[in-house]
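What follows is a group of structures, each given as structure tokens.
Two complexes are shown next, each including chain A; its partner changes from chain B in the first to chain C in the second.
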Partner chain A sequence: MKFILRKLGFYVVALWGAMTLNFFLPRLMPGNPVDQLISKLSQHGPVTPETRHALELLLGADSSEPMWKQYINYFVSIFKGDLGVSVAYYPTKVSEVIGNTLPWTVGLVGLATIIAFALGIVLGAFAGWKRGSVIDNIIPVLTLFQSIPYFWLGLILLYFLSLKAGIFPLFGGYDVYTTTPGLTWEFISSVIYYGILPAVTIVLSSLGGWMLGMRNMMVSTLSEDYILVAEAKGLSPMKIMRSYAARNAVLPSISGFAISLGFVVSGSLVTETVFSYPGIGSALLTAVQSNDYALMQGIFLIITISVLGANLIMDLLYGFIDPRTRVQG
Partner chain B sequence: MTTQHGIRRIAKIAVCAAAAVSMMLPLAACGKNGGQNAGGGDSSIINVFNGATGTITENFNPFSPTALQPTLGLIYEPLFYYNIYTGADPKPMLGESWEWNEDGSQLTVTTREGVKWQDGEPFTAKDVAYTFQLIVDNPALNTSGTPIKSAEATDDTHAVITFNAPNSYLQESQILGNSAIVPEHLWSKVEDPSAYTNEDPIGTGPFKLDNFTSQAYTLTANADYWNGKPKIEGARFLSLNDADGAASALIGGQIDWMSSFIPGLDNLLKDNPDISYTNTPYMTTAIITCANGDAGCVGPQTDPAVRQAMYYAMDRTQLNKLAADGTGKIGSPTMLVPDRDEKWIPDESLRTTPEGSDIDKANEILDEAGWTMGDDGIRVKDGERLSMTIQTVSGYSDYITINNTLQQTFKEVGIELKPTLLSWNEWNNNEQTGQFQLSLDSLGAGSSTDPYFIYNKFISENAAKVGETGGVNLSRYSNPVVDEAVAAAASTNDEAEKIKQYGIVEAELAKDMPYITIYLNTCLNEYNQTKYTGWPTEDDMYALPITWRAWDNGIILQTIEPKQ
Partner chain C sequence: MGAKAKRKRAADSMIPKMTPKLAVGLTIVTVIVLFAVIGPFLLPDPRGISDHLLEAPSAQHWLGTTRTGEDVLAQLATACRGSLIVGVIVGLLAVVLSSFFGIVGAYIGGLADDLFSLFSNVMLVIPGLPLVIIISSYLPYKSVWLVAVVLAITSWAGSARVLRSYTLSVRSRDYVLASRVAGEKPWRILAVEILPNLLPILASQIMQAIISAILGEAGLAFLGLGATDSLTWGTMLYYAQNGLALKQGAWWWFIPPGLCLALFGAALALINFSVDEIINPKLKAATKSELKRWKLEEKAGKAKSDKQFGTAASAPKLGGTEIMTEHAMNAAVPQYEQNPVLEVDDFCVEYRAEETVKAVNHVSLKLGRGEVLGLAGESGCGKSTLAYGINRLLKPPAVITSGRVVFNSREGYPIDVRALEGKDLRAFRWEKISMVFQGAMNSLNPVKKIKDQLGDVFVTHRPEMDRKARLDKCGELLERVGVPRDRLNAYPHELSGGMRQRVMIAMAMALDPQVMIMDEPTTALDVVVQREILREITRLKNDFGFAVIFITHDLPLLLEISDRIAVMRHGQILEMNDAMSLYTNPQNEYTAKLLSSFPSLTGDRGDFIRQGNVVSESTEVSR
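Up next, the complex of A and B:
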């Protein structure tokens, strides 16, 4: 119990620190949203000094309010669950923008990360168990995929598989021409079909790392005394591999997995750009380009919470998987 | 281990103003498409990419600066359509004619009869009066800063708009050509028009909203449109994250109309006879100089001789070839568009810029102004080296090419140019606050082709001191002769007088050169000519075929026809 409380306390402090940074960082950026909109409007028509006044009224951008007051208001509204109104998507609420984009990202990148992890661990375990086998030999090939810049891998796959061969679609999250979103098989199958190529790219580019890590841990675990004991007891090789070797070897990978789960939200920008996939990454890009503080803060908050949350869960879970971490040294 | 990788920098080209999106070479270089199914082959719904990226948020409020762009032109209409590419006379839309009162403080508009809102209610002059009164009552809606006092309808076909001051002739194009008319019977029920997203928009336009999702939305033809039902069944607007996708989708037949710069377009089209394009340069690319030392500008560019020397030294033919694939057109030192604005430039010698570089003349100007050649090949005057920084946005590859080319050319006359690359935000912020020496930018278009909308960038009233924001006079230029002439031109409706006054402004600008014209920037529009006909051509530019231009897209989509 004390262990859990101590962990929780640490995470509360970390969250406060992150949210404070989150408040100040966007404000250190050059420019402000009103100037931004004025410059955009001036491309389309004449802009007069009254325009600035109208936009300030419109956005409620009262820049004269002192910083500490803004800081307090920021915390108050976050606890009320009010993330404010987006400037880039004015007058849509930030929570609505996030609500529209987050499911796509979590669905695609989250699933792909889990698949890559699971596949990597299983294959890695086998590769470590049977060194020199075929599985062991494909590791260098997969790490090669990982060393190719991700966007380049994505563009090449897109070029050959979509543009040349026409197997996969060129862009989007679903077939915008023939389906409308809803709980229909038509729509869901379209989402799955459109998600395959981006997901394959993510899996390809991260599988090698998981596999290599797992394989090497497996190798060092196999030289432990308790493996020898298990073998001496006459246990079946499969049981030794699963319950003795793999179970111990997987521990470092699990903490790595926690971190990568946390980065699902933020790490999707490149995927979304290459495949024109809807998601929170492109919303973040828009927010940064438009000096949209509210939206930036909202997305950073989601990222912070997901990174901290994933770590917290793993921390707690780790205590059960590996009781050694609970005991103070 | 994770899927987090370096953020890919998207190559951007600064053509067609800020809304232009990038093109990447690998896909642009590809020849044939791989047999992708052409989207939406079932009907004549045209697929348009207008630069929308990521998630599209529903907003069909014509007063909102973040409204989805087809709101203006497809759903809602103006009183008149102004073609800012040809400068042709305004074309009647919801209005039929207009008249000023004696002192230019009241504008009376005669509206079209027999027009119906998309919900079947009749459109009258009362809706026009209501629209402008709404702007008066809600200053937050007045993003164009139009100085209206009041608006009222005298009967069903006449609306009178009263301005704050006499001689408000310049408001004409804003009121007539750049204001969407909304229905009184629906908008009078809206509580807060500035935060209204208008998810069920009812306008008078040729298209009405059919369905909306965050990745695409479709508008269908309005069968009761006053000018006849459009020939195409509808238009679908798509979101793509970058123009790599757009270029390949265009070739794959999934997009029928887009406006993006594609390097080597002619080569690409050789293998794709379905695709055709027009080039519509109408915006001037220029070096903005922080010109006014009194306002706080620092650097050699505050000397008009230096600006003159740069003007003559640059080789525009070379710049066009290297930066714009030869698709730019010759501009004018007056910042106007040479062919279109011929009548506004009385002095023929100011109509176009030189094409090649004139190193001798540049040297002569600098020598005369007292800049002497230093040991390191850079000129010096009173201990100050002739060295300046020029800022542009990182990723605007054509602008970067321009800067690098200028750096080489200017060295020959003893000017050191130091290009810097900044993020859009920082670059824009520097321009607004005057924290720059030279900045490469393009000049936007006004609501009509009246030179006022360019020349108000050069009057003292619109200039802020360095360090402060506000005003469109980015170069902080201040010249009483220009101030007076612009004010005189703005307060008259007599064209001959306007031409005379603008002539004075042009002579001053050509002498002082606060902005140094480079060329008219390329603006490519690509369309599928196999599926649709009736697109504007270089000879008949009945509307500007840029997908993200308000109003113009409404004219184009009601004109084109599906090919049988």
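Up next, the complex of A and C:
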């Protein structure tokens, strides 16, 4: 219980840190983003004082309110779910833009990460178990994939598999001409078909890291005494590998999930822009291109919250499978 | 070895060995760096436009041209330079930041460490690239330095965490503690004692930081957020993407920059493999080809000894029915000669490392049923190697080069242990010979409950037992060694050192083995617990009648519990005799020296602890 509370406490602090960063960034930067935004917004029509006030809250400006009051109001409006109005998608609200794009990203990146993680752990376990085997020897090749930028790998796959071979679509999240979003088989199969290439990109790029980490831990674990004991006990090699070696070697991979997840998410965001995938990464690019600060900040917050959430789940899972952490807290 | 030589050796271990991986990595890095340094001078202006628009590679333009007619090769050279500069700046900045928060925090400890590590952990879980994107989109004009600083600020945290945990482990090493006690200045300890040990890990962190910086910059530039007017691999890709290079099939435009990036990253990763092996020497353990060679050597050794002792047929495998000739009971012949449970003949083990070391050198011994044979000797004398060799647990580079191990099971058939393979060998282990390992060793898997670790002996060897019977049996075993049954659900870390060792003894008794090999079972325990465990072992041995090979460097302890004692040195048994005779009348000079090296309670070297009359009392304990 104490363990869970500590973990929750840490993530509350992390979230507060990210939100505070989000609050101060626009205020510390040169120039006045609010004025820039207002002038852009006014091209779409008259700007009401409420909109202006909301933007000032979000991005800070020469408002009459003192900083601490702005800080409090900022938190209040975020907890109300009010992230302002998007310029790029005017007059859609930022929260709505995020609501439309986030499921795509969570589905794509989430699924691809789970596949890459699971595959990496299994392959890494085998590679570490049999040093110098075929699986072990493909690790350097996979680390090559790891040093390839996600978006470039996406470009290459697009070039060969979509443009040259015509197997996969060139862009988009589903076939916009023949299907309409909904719970129909047609739509779902189209989503899967369109998602394969972006997902393969993410899996290929991140697999090597998971695999190498697991393999190295496996090798270290194999020299532990309890492995020798298990061998002396006459357990079968498969049993030793599964319930002694891999069982223990997987722990650091899970506790190191945080480090890698941020990296994977960052890579995936840029990947989305290559595939024009209708996820949050493409929205971020649009926001960047049209200086839509409100949307950018909202997306940053939402990504951070998602990553924090995923890490929290992994941390709690870790406490579950490593009994030692529960005691030490 | 002189202090100088020692230091040289330590320095050598810090330098990676030249392996194919390392050579390839270094070559690629060198080529790319040279290209970045020299290329821009030899090639035309990267921004010079011409009327050769979007042309495929030709003799004039080796890598073709862009949509505005710039030479791709010339751009590539300048972009290499740009990317490498960003990478190196960010790599260094990030390592400085992470060293500050990781090393300094861990070294000072206390509140500073708590705050530093909280700060790095928070920075770690905030995804870097989105943050960088936001920061850079607020900045209308960005110099390379500015981009580098932003990238460094968002990427140091992971490496700070690695450095922190590594520093913590170095900090608690003896020589660091010693200099603290000696009153050296903190900065001096940090610079002289701690930093040198962190060098490999720092090197690896710098390389990782460079890779991730180049990748991060590429991502940023690809979104059009790179440094103003800079030319890097990322900006090349940005222009290629915006120039619709992909749709027009201009592969020469977008493949080279990404390929350079990938090659450079992969090369650094290859170098890192070698550095990792310095940080964690375990990683360079035997590979498959070495394992194969080891297996061949084992086979050769086996073939040789088959010739020596006759083929395996004379001593059939497990399950064989041939019964060894019964020895007529004869009071004059000692029990271990009449009815040995284990016979080891001419046993040799070599360590085939850079130089071959004979760890066990022509050892022969017989173990009687229910007998306690003590195996004494200094560390490195080969006593553990002998014990592991008997149970066929040796790993490369240790090779059994000759000898025979015959186990005479009480069911009445002999087993040629060296002929056992695979399933037969696994069935033999623990069933016939079980082991208790050093108390200090992590013999128990820290993340499995006691009942599962006891239970999997039965799952493997008694597959017919059901869950409940298994649990009952495990509980009974624990009670047998004086551990409450409810500890079945405990994890190893919830037990004391003595309890853990009791659990190991319970586990060793699970299948009612005929021989138990105990490798320093009480070494790491305090004296009181040590006593208890020894008493327990003696009691159990008397109740269940298994024979014990008890390995230790503690000769007085052996004198108390053993029937016979073998003294080992340099892989050979120098002397083997019953405990009393060995104590009162050592035949070998080394034995005498060993005996005299233990101080007595009265302070005279030579007559340790007890006088002769007490020995007879202590031998009673073992009876």
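Please note the rule applied: the second predicted complex is superposed on the first by the 265 of 329 C-alpha atoms of A that agree within 3 Å, B and C clash if a C-alpha of one lies under 4 Å from a C-alpha of the other, contacts with A are read in each partner's own complex, and residues count from 1 in each chain.
By definition in this document, a contact is a pair of C-beta atoms (placed from the backbone, for glycine too) under 8 Å apart; a residue touches a chain by one contact, two chains touch by 3 or more.
What you see is a predicted model; the values in this text were computed from it and never measured.
K.L.:
Applying the touch criterion given at the start, work out whether A:Asp35 contacts chain B, chain C, both or neither, answering first, second, both or neither.
P.N.:
In the superposition, A:Asp35 contacts chain B only.
K.L.:
Touching A:Leu316 in the superposition: chain B (first), chain C (second), both, neither?
P.N.:
In the superposed model, A:Leu316 contacts neither chain B nor chain C.
K.L.:
For A:Ile72, decide between first (touching chain B), second (touching chain C), both and neither.
P.N.:
The answer is neither, since A:Ile72 touches no partner chain.
K.L.:
Now for A:Arg324: first (chain B), second (chain C), both, or neither, which partner does it touch?
P.N.:
The second partner, chain C, only.
K.L.:
Go through the superposed model and pick first if A:Tyr89 touches only chain B, second if only chain C, both, or neither.
P.N.:
First partner only, chain B.
K.L.:
Just checking: does A:Thr113 make contact with chain B only, chain C only, both, or neither of them? Give me first, second, both or neither.
P.N.:
After superposing on A, A:Thr113 lies in contact with chain B but is clear of chain C.
K.L.:
Return first, second, both or neither, reflecting whether A:Leu25 touches chain B, chain C, both chains, or no partner chain.
P.N.:
In the superposition, A:Leu25 contacts chain C only.
K.L.:
Counting only touches as set out at the top, which of chain B and chain C does A:Phe151 meet: first, second, both, neither?
P.N.:
In the superposed model, A:Phe151 contacts both chain B and chain C.
K.L.:
Check whether A:Leu269 is in contact with chain B, with chain C, with both or with neither, and answer first, second, both or neither.
P.N.:
In the superposition, A:Leu269 contacts both chain B and chain C.
K.L.:
Do chain B and chain C touch any of the same residues on chain A, and if so, which?
P.N.:
29-31, 149-151, 155, 159, 163, 170, 259, 263, 266-267, 269-270, 273-274, 285, 289, 291
K.L.:
Spell out the part of chain A that touches chain C in their complex, as residue ranges.
P.N.:
10-11, 13-14, 17-18, 21, 25-26, 29-31, 33, 130-133, 136, 140, 143-144, 146-153, 155-156, 158-159, 163, 170, 216, 219-220, 222-226, 228-236, 239, 243-244, 247-248, 251, 258-259, 261-263, 265-267, 269-270, 273-274, 284-285, 288-289, 291, 293, 296-297, 299-300, 303-304, 307-308, 311, 321-324, 327
K.L.:
Once bound in the complex, which stretches of chain A touch chain B?
P.N.:
It is residues 29-31, 35-55, 57-58, 85-86, 88-92, 96-97, 100-101, 109, 112-113, 149-151, 155, 159, 162-166, 169-178, 180-181, 202, 205-206, 209-210, 213, 256, 259-260, 263-264, 266-279, 282-283, 285-286, 289, 291 of chain A that touch chain B.
K.L.:
Can you check the complex and tell me which residues of chain B touch chain A?
P.N.:
Per the touch definition, chain B meets chain A at residues 1-8, 10, 17-19, 24, 26-27, 30, 33-37, 39-40, 42, 47, 53-55, 57-59, 64-66, 139-145, 147, 174, 178, 194-197, 211, 213-216, 236, 238-242, 244-245, 248-249, 252, 254, 423-426, 428-432, 444-447, 453, 456, 462, 469-472, 550.
K.L.:
Flag every residue of chain C that touches chain A in the complex, lowest number first.
P.N.:
By the definition above, chain C touches chain A via 21, 118, 121-122, 124-131, 133-135, 137-140, 158, 161, 211-212, 215-216, 218-219, 222-225, 234, 237, 241, 246-247, 249, 251, 254-255, 257-258, 261-262, 264-266, 268-270, 273, 276, 280, 282-283, 285-291, 391, 393, 425-431, 434-435, 437-438, 441-448, 456-457, 460-461, 491, 493-494, 504, 507.
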